[in-house]
Amino acid sequence: MLEIKNLKKSFGGIMAIAGVNFNIKQNTISAIIGPNGAGKTTLINLISGIYKCDSGKVIYKNKDITNLAPHKIVEKKIVRTFQNLQVFANMTVLENVMVGMHSITKYEFINCILHFPMVKKQDKSIKEKSMEILKFFNLEKKANFRASALPYGEQKKLELARALAANPELMLLDEPVAGLNLTEAKMISEILLKLKEDFNITILLIEHNMNIVMDLSEKIIVLHYGEKIAEGTPTEIQNNPLVIKAYLGGSCIA
Amino acid sequence: MKKFYITLLIIAVVVLLLSTLIKSSYFLLILNLIALNTIIVIGLNLLIGFAGQISLGHAAFYGIGAYSSAILTTFYNVNPWIAMLLAVFITGIIAYIIGIPTLKLKGHYLVMATLGLNIIFSIIIVQWEVFTGGPDGIAGIPYLQIGSFSFDSDKKILYLCWFFALLSLIVAYNLVHSRVGRALMALHNSEIAASCLGINVSKYKVKIFVLSAMLASIAGSLYAHYVTFISPETFGIMFSIKLIIMSIFGGMSTIWGALVGSGCLTIISELLNFVKDYSTIVLGLILVLVLMFIPQGVVGYITQLKINNEK
Amino acid sequence: MKNILQFILSGLTTGSIYALIAIGFSVIHNATGIVNIMQCEFITYGGMLTVTFYIFSKFPYFIAIPLSIICVSIMAGLFERVVIRNSKSKDIIILIFITIGASIFFKGLALLIWGSDPFMLPPFSGNQPIKIFNAVIIPQNLWVIGISIITVILLHLFFHKTITGKAMRAVANNKKAAQIVGININRIVFLSFVIGGFLGALAGIIIAPITTTSYDVGFMLGLKGFAAAILGGYGSMGGSIIGGILLGLLENLGAGLISSEYKDVIAFVVLILVIYVKPSGILGLAKVERV
């Protein structure tokens, strides 16, 4: 479904991504892991169109989507979340999810200003759909709270809910459980499984929490200094000497 | 939703009442200026308060509206209504062309660029005398008319000004509570996150810029056909600053703030004429104190009080 | 061929003034993130206080000038302490408009104190024009350029050789990190205003013998200084100097060679075009947004 071909990106002489190749199959959960600074987030930024790559290709469903603008990528039903939360703080929880539906709704300025009945109808229907999504995430009671008033864990969930609202086929999740406690992390990983099973969403995630990564993913890609050093099932990765070396290095920091 | 329209109705009734009670044309003028300023400030609220893009150059769009109307009617004998429409169109095109490169800028650079554009506009209308009448401005601009009914007095034009003012409030209200409004608020929060949800950030920024410029242009045309005389100093950088002060004063992330802000500041600056030499000092002091202690603006402050009470 | 050298000389003079003002803007920006419109009033009060001390109190220049600069620096510091620090909102746009409000206030005050007539300060040393090739330069221009150069050198030394200066640069780079290593941000902000006041006053004083000074002289000069800072890259001292000189040259060459009525148009058009092409100014670094 998603093919990354020899992708390269450098920032002022530093190779952040040095020719990475991999494939993601439909309706799977895959993970990108690697030490800090390995280029994981850069990779997601390249796929989602935030950075332009220097060379290489991103192919999605046999179509070249390399260097498309972020909002065009969303039209291809690829949605991402962020490592450092990017919920819209001064909007309500419900409005956050409704913004998520931007790409699946229409009506531009003129229609919105004139507020025709069909605009009202569409607004009503996305409001209902958004409430359903909030229910799925167990956030419906806080629909009218300001997003900034939610605790961290719920903001993390809200960002997932907002991404789900865009009706994606592929989700790119940048550290979905970072900073969460054990129960919260477990809850998110259950949600992710449900997204895959019930919504048929393909997931590519970056995560440092190895328990989650090993539990969820069918495939793991290991990055180190912008290069892919291993790829395989959780068991293969756990026993790969290169990976162990990259993680443990010469020092003893795991 | 209903509450909004009821409030609107109440305001309309109050304005109508005032218009029958007030005999002095000076007070009617103030009432009309409040309406005109509201039209511009609501556009600024959408641009600054909702979409998060600062413009220190909106007096120029007000001026482009006024001068287009004036030039078209006095030089080319165009019907005032058509002139007004053309003016909105011209302003829209200019704002679009300027907006594309300008709105790529952020923060202080955006402030500087819009401010610079306003200064350029001011100099051009003073220097390009053949067209703009130079520092003397343009006189003898015709009144707006419907059939044989001419909007030729303070009272008659009041209906027109307030019609447009209330209409622009409705426009803003509808826009804010729609897909577009949510997208604007989203890109205000985080442009990257907004674009990753499918929002074409640069397109939306330019569009809201154009809309706010067009609103300013309408106000400008109304002003020209109302006062029938325009001159450059009305459209200078000081007025741009005043407009933003109105926006902040009322509460720039609110709809009613536009009305409250332009109402309060228009009245305050007229009242200050009574203290003559001290007027600028007092104005400056009011500004500093309001911004220091109620930075969310009058309407923003009231809304916050309400929320706190509910809790 | 018109006298280009003449235009360049006057360009360098106004350019130096713009550069000083631009540095004032930049220093305060680096500590606070705001555009301090009060800079305009620092310029006005520098010039007008010198008028008061020199013309009315009959102090000699070497007392009147330092005294004015000290007064303005104190005024700038007090403004930070009393107004900026006590603002409820730390939102940049609110703070900017507070400085605009304060600027309106002080402009009104200046009008009350000194009236609307312009004042002329005598040049620091003689009025005998000096001939350089086919251009003439009055000594005051040399004073302006010389004092500006010395000020810039002293500032450079301050920012690179003293602990306080280094702390200010650290704050400009990364406020949080600076705070963590124990730098007192409040003190740095205060100091930045004092330096801003110093530079504004100095600029207002040394230009006064050339252009006259009045209660509203600071507004246009301040605006140009802000433009210069943006042109060079906001927040950078090198950028401010380049932006200032460039703007001064642009104005004078534009006025001399193209049209004096449209000199500001030319200057601002070039300014806007530059930031369209390079949205962070000439020396500004483009930021890669991290997410």
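By letter and in written order, the chains are A, B and C; residue numbering begins at 1 in each of them.
In the analysis below, a residue touches a chain if its C-beta (ideal position, glycine included) is under 8 Å from a C-beta of that chain, and two chains touch if they have at least 3 such contacts.
Small disclaimer: the values here were computed from a predicted structure and weren't measured.
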item: Label of the chain whose CA centroid is most distant from the centroid of subunit B; value: A
item: Chain nearest the overall Cα centroid; value: B
item: Between subunit A and subunit C, centroid-to-centroid distance (C-alpha), Å; value: 47
item: Length of the line joining the C-alpha centres of subunit A and subunit B, rounded to whole Å; value: 41
item: Mean-CA-position distance for subunit C and subunit B (Å); value: 32
item: Subunit B: positions in contact with at least two other chains; value: 192-193
item: Shared-contact residues (touching 2 or more other chains) in subunit C; value: 289, 291
item: Multi-partner residues of subunit A (each touching 2 or more other chains); value: 50, 82, 86
item: Subunit C - residues contacting subunit B, complex; value: 29, 35, 83, 86-89, 91-94, 96-98, 100-109, 111-112, 223, 226-227, 230, 234, 261-262, 264-265, 268-269, 271-272, 275-276, 279-281, 289, 291
item: Touch list for subunit A against partner subunit B, complex; value: 48-50, 69-71, 73-75, 79-80, 82, 86-91, 95, 98-100, 102-103, 105, 107-109, 112-115, 119, 122-123, 162-163, 166
item: Residue ranges of subunit B touching subunit A (in the complex, touch as defined); value: 171, 174-175, 177-183, 185-186, 189-190, 192-201, 207, 211, 253
item: In the complex with subunit C, residue positions of subunit B that touch it; value: 48, 54, 101-102, 104-109, 111-113, 115-117, 119-120, 123-124, 127, 192-193, 241, 244-245, 248, 277-288, 291-296
